[in-house]
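Chain lettering (A, B and C) follows the sequence in which the chains are written, and residue indices restart at 1 in each chain.
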């Protein structure tokens, strides 16, 4: 019974969102359905927070490998939650100087702002920057000319890698840029042609296939044919 | 109130009502898109009906999905866990729904092999949905006692916090098989490279075109784009599901015909300077939302 | 114990190299040029590509005092690639005297919006908050917000980031919906971002009503997804730090043409400064690919001989 109700809700919500694209009377419905989901997701934060506390407390009590990281996670979570909720270091708003919690929680100089500026920003930036190292090791390990297609791929990669830097400009600077017959051979131009023609064509074809796949999956869910996301088969 | 002001109020109300009644039923400029949607939906429903009526649907082999059993078996032999990452987006993203669907199938195989499955999630609702899918899989495999809800847990909504925690788990617990099915962004390469470093067999699937090259480079098998959406049908083998694959191919064929026709018409218009063709191509472009 | 076992050859050792040596090489390839640029202040010349020129022209062609909406949809993780872009665009707007309405759809993007506006407009007394620029801050809802701004900005953003109703802000006078802006710019790192702006906001304006001009800046991995939309739905694209460097070059060139004696602060040349480490990083990657293939073919040849 509960699964049937869930399927019905999923179907109605999906059909409403599709029809609202085409029917004027349903114009706002799409946004309202999306808002309901956002409200659910916000409430689900509580579920996630509780699970985070439970799992990390279990890890700490079990003293398994890496339990120290769980301790750091819990301390960071509780401190951030605390300074945000309590608005630590936030002065009252200029318009309401006598109201203690009237200031914005992330005003410059507050504890939450400090955590954002000096903890979150550099850490997330560092993790994103790690991609450069991983790309280098992946390039060394995986980009092997095993067949003709791989050779073609590598040649394209070299053109684009060089064409996006000054090295490419230097390497083919001897090719006249005002001669339409040969100027496209300059690495920076060739790189732009590869992106705008070949990559564009391939991406468009993939997007069309993906869009049809999305439509098929969505239709299966809206018609109730695929219920495995709820658990179990049809 | 004077008679004149009452008359004015009545006039305003009548004007509002007639304006409301005069509002069109259909949104302007969406006719072509609506027709395309109907064609695609009809193709998919037609495929389902064909399969239900006993029609044969042949699906080519997908190496990545055939390797699921091998990967789970390898992890069982080595006594190491299996990692499943359902992406970093929420259940309102269709790739996440597809990822959780595939999780159900993988979890059934894991249950049959009595292996250890770990599913870190980035969203609370995904955690709840994943638990439901895995529990049902264990029940269907006849191993309800093997299900451990603590193996499916929430880490963080923040992308890099999630990948940092998952990478740390991978370094410590060294899963033998890693599955990445869902919506991924920049963290895809970090996960795949870490999996490579610990010697895990890796199978990935996503429709995020920007992340596919990283998965292809670092994983053993990758399901690309629509293959990922076809995976649940492939794994289940149910006629209805396979019928949607047929429908998808029919819809793609229709798109191909439309693109070819428009390309030929556009080429004729450009080369021969034919005004009729040029006007037709411009009208089609406008109708499909391409603008001037 | 195997008899006749021999020590691994150089080819084998390279093939099995600890990846931390590769990480060290990448670190040096990036760090040394950064230090060199920091000390010398020298940058490489840039030649703008058509997509970047299109973006520049879209802003440049607007009459002074036009209203520009800028959505900075990125977080600190991608700030390395996208912050120079956002800074250059705000600076270009300021040079042209455009009114700026900045917003973000990413939760961690709010401080980035404030910091960018403060950094660029702080030294310009002609720019006063509320009169010719405003920060609407962050709004949750992803595509929902994009759909709402099509019909009613105030429904999506009831107040600005300082809790002032939009109706009380002179800069928002005459702005009821997003199409009332002369240009929309999205600097985006992923979802929600430029692609969603095209799908849920810009495309709808192309089939009915007043078309909305749109320019996007994105990370390198996202740029191929946006290219199909150029030039129909987008007037220009700034792709990755290279696109940012080209745009910065155009803006700085405009400054120098207006005043040849003008000195450009280093913080307005960040993208150009980052092209040197990019060059050496790319060259290192090419070298690693070549080395990996040399090893591959050497091992294959040895395997054939054995």
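As a convention for this text, contacts are C-beta pairs under 8 Å (C-beta built on N, C-alpha and C of every residue); 3 or more make two chains touch, one makes a residue touch a chain.
Because the structure is a prediction, the values reported are computed rather than measured.
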Chain centres computed over CA atoms; the one at greatest distance from chain B is chain C
Of A-B and A-C, whichever chain pair has more C-beta contact pairs: A-B
Closest chain to the protein's overall Cα mean, using per-chain Cα means, please. A
Expressed in whole Å, how far the mean CA point of chain B lies from that of chain C is 27
From the mean C-alpha coordinate of chain A to that of chain C, what's the distance rounded to whole Å? 16
Among all residues of chain A, which ones touch two or more of the remaining chains? 34, 124, 127-128, 135, 137, 139, 141, 143, 203, 207
Within chain B, the set of residues that touch 2 or more other chains is 30, 159-160, 186, 209
Chain C residues counted as touching two or more neighbouring chains: 19, 77-78, 224-225
Contacting residues of chain C [partner chain B, same complex]: 19, 77-78, 190-191, 203-204, 206-208, 211, 221-222, 224-225, 232-233
Interfacial residue positions of chain A with respect to chain C in the complex: 30-31, 34-35, 38, 104, 106, 113, 116-117, 120-122, 124-125, 127-129, 132-133, 135-137, 139-141, 143-146, 154, 157-158, 161-162, 164-167, 169, 188, 192, 195-196, 199-200, 203-204, 207
Chain C partner contacts - residues on chain B that touch it in the complex: 28-30, 89, 159-160, 185-186, 197, 209-211, 286-287, 289-292
Give the list of chain C residues in touch with chain A in this complex. 17, 19, 22-23, 25-27, 30, 44-45, 47, 49-51, 75-80, 108, 110-111, 140-144, 147-148, 162, 223-225, 227-228, 230, 239-240, 242, 275, 278-279, 281-286, 288-289, 291-293, 296-297
Along chain B, where are the residues that touch chain A in the complex? 23-27, 30, 33-34, 37, 40-41, 44-45, 48, 90-92, 94, 97-98, 100-101, 104-105, 123-125, 127-129, 132-133, 135-136, 139-140, 150, 153-160, 163-165, 168-169, 172, 186, 189-190, 192-193, 196, 207, 209, 214, 217-218, 224-226, 228-230, 232, 236, 238, 240-241, 244-245, 247-248, 251-252, 255
